[in-house]
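Structure first, commentary second.
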Amino acid sequence: MDFEFDATTEDLRARVRDFLDSEITPAEQVFEEQLAGSDDPWAWSSVPVLRELKDKAKTAGLWNLFLPGANGAGLTNLQYAPLAEITGRSFLAPAVFNCSAPDTGNMEVLNEFGSPEQQEQWLKPLLRGEIRSSFAMTEPDVASSDATNISTRIERDGDDYVINGRKWWITGAMNPEAKIFIVMGKTDPSAERHRQQSQILVPRDTPGLEIKRGMEVFGYDDHDHGGHAELAFHDVRVPASNLIAGEGLGFAIAQARLGPGRIHHCMRSIGVAEKAIELMCARADARTAFGKPLSEQGVIRDWIAEARVRVEQLRLLVLKTAWLMDTVGNKGAHTEIQAIKIATPRTVQWILDHAIQLYGAGGLSQDFSLAKAYAGIRTLRFADGPDEVHKASLARRELRRQAEARG
Amino acid sequence: MDFEFDATTEDLRARVRDFLDSEITPAEQVFEEQLAGSDDPWAWSSVPVLRELKDKAKTAGLWNLFLPGANGAGLTNLQYAPLAEITGRSFLAPAVFNCSAPDTGNMEVLNEFGSPEQQEQWLKPLLRGEIRSSFAMTEPDVASSDATNISTRIERDGDDYVINGRKWWITGAMNPEAKIFIVMGKTDPSAERHRQQSQILVPRDTPGLEIKRGMEVFGYDDHDHGGHAELAFHDVRVPASNLIAGEGLGFAIAQARLGPGRIHHCMRSIGVAEKAIELMCARADARTAFGKPLSEQGVIRDWIAEARVRVEQLRLLVLKTAWLMDTVGNKGAHTEIQAIKIATPRTVQWILDHAIQLYGAGGLSQDFSLAKAYAGIRTLRFADGPDEVHKASLARRELRRQAEARG
Amino acid sequence: MDFEFDATTEDLRARVRDFLDSEITPAEQVFEEQLAGSDDPWAWSSVPVLRELKDKAKTAGLWNLFLPGANGAGLTNLQYAPLAEITGRSFLAPAVFNCSAPDTGNMEVLNEFGSPEQQEQWLKPLLRGEIRSSFAMTEPDVASSDATNISTRIERDGDDYVINGRKWWITGAMNPEAKIFIVMGKTDPSAERHRQQSQILVPRDTPGLEIKRGMEVFGYDDHDHGGHAELAFHDVRVPASNLIAGEGLGFAIAQARLGPGRIHHCMRSIGVAEKAIELMCARADARTAFGKPLSEQGVIRDWIAEARVRVEQLRLLVLKTAWLMDTVGNKGAHTEIQAIKIATPRTVQWILDHAIQLYGAGGLSQDFSLAKAYAGIRTLRFADGPDEVHKASLARRELRRQAEARG
Amino acid sequence: MDFEFDATTEDLRARVRDFLDSEITPAEQVFEEQLAGSDDPWAWSSVPVLRELKDKAKTAGLWNLFLPGANGAGLTNLQYAPLAEITGRSFLAPAVFNCSAPDTGNMEVLNEFGSPEQQEQWLKPLLRGEIRSSFAMTEPDVASSDATNISTRIERDGDDYVINGRKWWITGAMNPEAKIFIVMGKTDPSAERHRQQSQILVPRDTPGLEIKRGMEVFGYDDHDHGGHAELAFHDVRVPASNLIAGEGLGFAIAQARLGPGRIHHCMRSIGVAEKAIELMCARADARTAFGKPLSEQGVIRDWIAEARVRVEQLRLLVLKTAWLMDTVGNKGAHTEIQAIKIATPRTVQWILDHAIQLYGAGGLSQDFSLAKAYAGIRTLRFADGPDEVHKASLARRELRRQAEARG
């Protein structure tokens, strides 16, 4: 057992942090201004400063860090995790390094399950950072955490599939550069529970695909990373070759993307938490009330200590999960993957809530990043299924394991 | 001891609830549409349907219910409290009944402390619902919960006062119909700690009063009730007769408005909580996951029970506080006024957070009222001073009381 | 609505408090010493000083205060509740006033459901404070919160009933003066779910009734109020006339005793909480660490404020529940009776835990009453069924109520 | 970074666990019976079965595992930590392996700071498990978490030191085999804050050392591991050579013992938590209420999942702390040593509280280990100083670190 990062990781951590501090953070405001001045508020990925930063990152060799194997940077989950934490410090950073969701998951899926043609057409431009993509799973009318509830139909019709259904909260889809959507639906509702679903590629401009509106999170439309669209599929027809991997494999593919995605989300969230702790400490030192700085008041110190104690425990569990995925695979890391999904958002939410309280009304406003971060983190408590579903599942496994141990 | 409302209250509860259900709730969407179609998104109080509703409410005798005495409906705090709870069920309701903050507090101040001229010029049109007003206390650069930190200057200059300073989070001030501002500042920084401050009337169109921008709460600009402005006062000059009550009385006036305002806020918040519980139950019955309705799942039932258990306790404490204010005055109700300030926002926030979780992503979106309600309630944890300040003060008094009892 | 106690209540509050302070509290240590010196450590109710105090209380007219109607003091639940709170301040007080569980519930049952003979033989000596009693419901082998799980059999055999089964946690039963047991069992396991149970009187000396051992709570055997016995019934035979009210009425009788018992427990618990707050304040003033008294340290003040804010809300809900029982009956107060069962123990436990933390190791020791109080309060989270059962039930009713309101 | 234990650790884990399951757990009841039958209830370490188990453990090479270097098993903190976790599963295990507090800390102190004579006389018999010892620091009259409050005097008088003062909560000291006490007191109250204290060896039979009484924790006197004594020192005279290391070094020695002790306590506590989770699962499977096993009820599953999620995070932080102590020393691990002190007791307390709730009244009784474990864990929230002191200190360091990073 050893808690030190390896040399590759330490080198990359230093370079990513340096790039973040010197290039990305100073560009955040420029990005906001350029986006505010653009014709299409949703076209965030076309903003000039972002394109420049991506070129610089590519040149610096800080590109596709998330992707293992020859097509990516070739890092393990454990090596990438601390880099993801650093990118959590700026809302721009994931995009700059071509490491932002849902493109990362989509690239992983195409890399692992895509046909050569699918890879040529969609994976390559995604890897080059030329286009963006979306993943369309969640539906408005059903509890989508239970995949068997998915009601969108993907029906074979000759050499095509025809898609009908409604989706919402499709992140990034308001951005006109999100050129390709991976859509989850049912090809065979009569099949076994987890073999009914398939995933299929639907280009943005396919007739019948209607992008209805952007959903808001608290009051944010998140146009600065492509929003969250409500979509309607009206007899959307694509060639049968657009199906990924094969009929009935949709659930399995969805499971496969979950593990790495969970690590990424959790580590970025920890980056958010660390930044919030910094902001707390800075404010506590700067403000005086009732005759002494907030940083000398017992209740504030209690919050800061709590934040540190909680985030230290949390990070170790996420890193261990990454290590398990590298050594025994997603399946062997199942419990831990669920555990970090449960533990991370609430911990970071707690820290952000207290940081906001320290900043008073300012903390909820556009003047600091805290309220927006809170909104984003809050969604993670039900993204990929609400915590309650994961807790029930984790407990069921614990009960089974203990029953076996009792013999 | 008796937990039944009196006959007057029961009659008004029925009428207010009936008016709300038959007139206000159906008009909410109309209001949003009319406001969206208006030239000035901040001019919410000019929206036709709102003006019509106000006329109807006035005709129905449901007007200025908050104001005791001859100028208002003449209700006690205890009689008005359950009506305020009902108005918490719709974001439009307080305005329809001319009972919305900060006008209520401003009317109370003018009613109690205003000169006959001040009452003629500003109180009367406010009571008639013709204009709106703001209260400018919070400042961006200091911990404003400590009133001695207030740095805005109000300086005597001949027959005038000249005001300089910055304010923010001035609710309602983005609305062009907010014609009059009550401004808190220091007339004598060298006086005793709580005698330095004064309150003064500043008409909206006074030269030097700059309305800089609207602050956002999470992503909401709250334009549908006038927003929260950042203001700058550059040598703003008003006649000396605009001072309220007298120099050095600003702190005392601010204290006097706190009590009733606290009751109003808390009871409206309880109305928000009740509506959230209704939404929770409706959703829990409507959604099925993993083979049974959410309403039959143990964890969801736990949330619903918790919500009920918490809100029942809370409401009684707010009602008792109202009763104390009526019987022994604000001073005698000091502990309880602080206690409800501490207990209410967090309880309602807890309920809203769980209601949101039940609704999943939808709960954070514009499709339900939950996220917006959450944002509003969250601000109450530091409005009028952060909970932590009130807890420290309440504890100090408890310690003193106990020390006296020990002798 | 009125939050003032009536004149009768205020008079009794003053007299009970005065009697407590002048007579009972000073006698606590004498009682402990006399009990320690007695032959039978379980025979607590025979301790001389307790007998003397009971005589004094009877003379002072402070006797059977819990019992409504002609046989008792004739108080309403709302009148008795604040007296129960005062008795929570001393472990001796309930017994002194002949108001201690489980005698109170047993007397209520006999008063309401007992035959004239049963009343003559058992109720009268209980009312005079001459004997003690126990209520035997909980069983070791089943989840007793679900009354249908009760497995003790009460079988008719000629003119007798024959009882077989095991019970535990039978409070007071280790005391040799607990002369009569009310036993819950099944007379007809094939009847409708809530008509299977009956209650029957079993004198202590009935052959076949084995008192096996005293159960401990945290390390306390609670011999100073009769302990908690494990009992075995081996063919215990009593005359058929010992049955209370009639076969199949056991569940209904159990429900009837719950309401008042809940009020008593909750109000006494609030008395415990108030005493803990006093102890917190006293300690916080007395101890200095790191250069200033604990009472000036922010975190400690936070605890004290929290304790006050929580207990004020809680008390009002218990009082309202008492009022509801008086005005609309147990059935109409069902939700509130469950709510106070859920809210009270955890609130008081929280306060005690923090009081203990303030006292450090001393707080857990025999030198202060805190740890013992904690142990007692902790049991209330599952006495009469665990909180979770009550929450599930309360939520079910809330869901039904809301569904009806939605129409 | 690597989360696998090394081969030595894995080998020892298997052997310790095997010894525990086959030898210690079955002997627990025998021990209780033999102790109950012995003349002196405090003389726990003389119980025959314990002596036998110690001989077996020594023979098996499972002895002094806690002690690094040549005098002990030579393990690192990281190697010993998972063994300590296993010993947390039985109250007997630490003593069997000669790894129980406070002997471990005392042996560490004598090993590192003791003179050759002190080592010969006291360390050797302790290492052989022939005698026991105590550490006397806490005082009844002062907040002992602030070492400068310690008031016991150690005064030089010729070739002797003379000790006067009171101590309490001196663990193990009720046991007549606790032959040697390490006593903390002040040799120079006028010296610099952390140079006033010294530690000195006081044999049990020294005249003037009065062992007054055993303190209780909740209702437990903990006689099965030597209790917690209140001591009085009346002109207790020992040779000057009994001083450890030198005058003024008492605080430094106390700090040195804290790190390893913290790891031991925390890991044993995690063993307690794991056992509690096992008990929860077993009970949840075994009990049925309202028609289905508790293990299928949502709220219970929620508890089990929470327990697992919390304990996984916690263990990793303790292990990392052990690793830090091994690699950068106690000082470099300061933050983490405080963090695990804060995080561990409350996490384990939460788990035990829920396990107790699952067991109902049984959970608080002598029939299961839960209530006793709860009592023990509860003391850790103020042992070595209350959590609040550690949180304040940790926050101060975090604030300083962040201020330096801001530059």
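When the chains are written out, they are named A, B, C and D in that same order, and each has its own residue count from 1.
Here is the rule we use: a contact is a pair of C-beta atoms (placed from the backbone, for glycine too) under 8 Å apart; a residue touches a chain by one contact, two chains touch by 3 or more.
Since the model is a prediction, treat every value here as computed from it, not as a measurement.
Asker: If we look at chain A and chain D, which chains touch each of them?
Answerer: Expected: B, C.
Asker: Looking at chain pairs A-C and B-C, which one is connected by more C-beta pairs in contact?
Answerer: B-C
Asker: Centroid from C-alpha atoms only, then distance chain A to chain C, rounded to Å. What do you get?
Answerer: One centre to the other, that is 53 Å.
Asker: For chain A versus chain B, what separation do you get between their C-alpha means, in angstrom?
Answerer: 38
Asker: Take the average of all CA coordinates in chain B, do the same for chain C, and state the distance between these two points in whole angstrom.
Answerer: 43
Asker: Tell me, which residues of chain C touch at least two other chains?
Answerer: Residues 298-302, 388, 391-392 of chain C touch two or more partner chains.
Asker: What residues of chain C sit close enough to touch chain A in their complex?
Answerer: 297-302
Asker: Which of the residues in chain D come into contact with chain A in the complex?
Answerer: 1-6, 9, 78, 277-278, 281-282, 284-285, 295, 298, 300-306, 308-309, 312-314, 316-317, 319-320, 323-324, 335-336, 339, 342-343, 388, 390-392, 394-396, 398-399, 402-403, 405-406
Asker: Give every residue of chain B touching chain A within the complex, in rising order.
Answerer: Going by the criterion above, the answer is residues 138, 140, 143-146, 149, 168-169, 215-221, 228, 287-290, 294, 299-300, 356-357, 360-362, 364-367, 371-372, 374-375, 378-379, 381-383, 386-389, 391-392.
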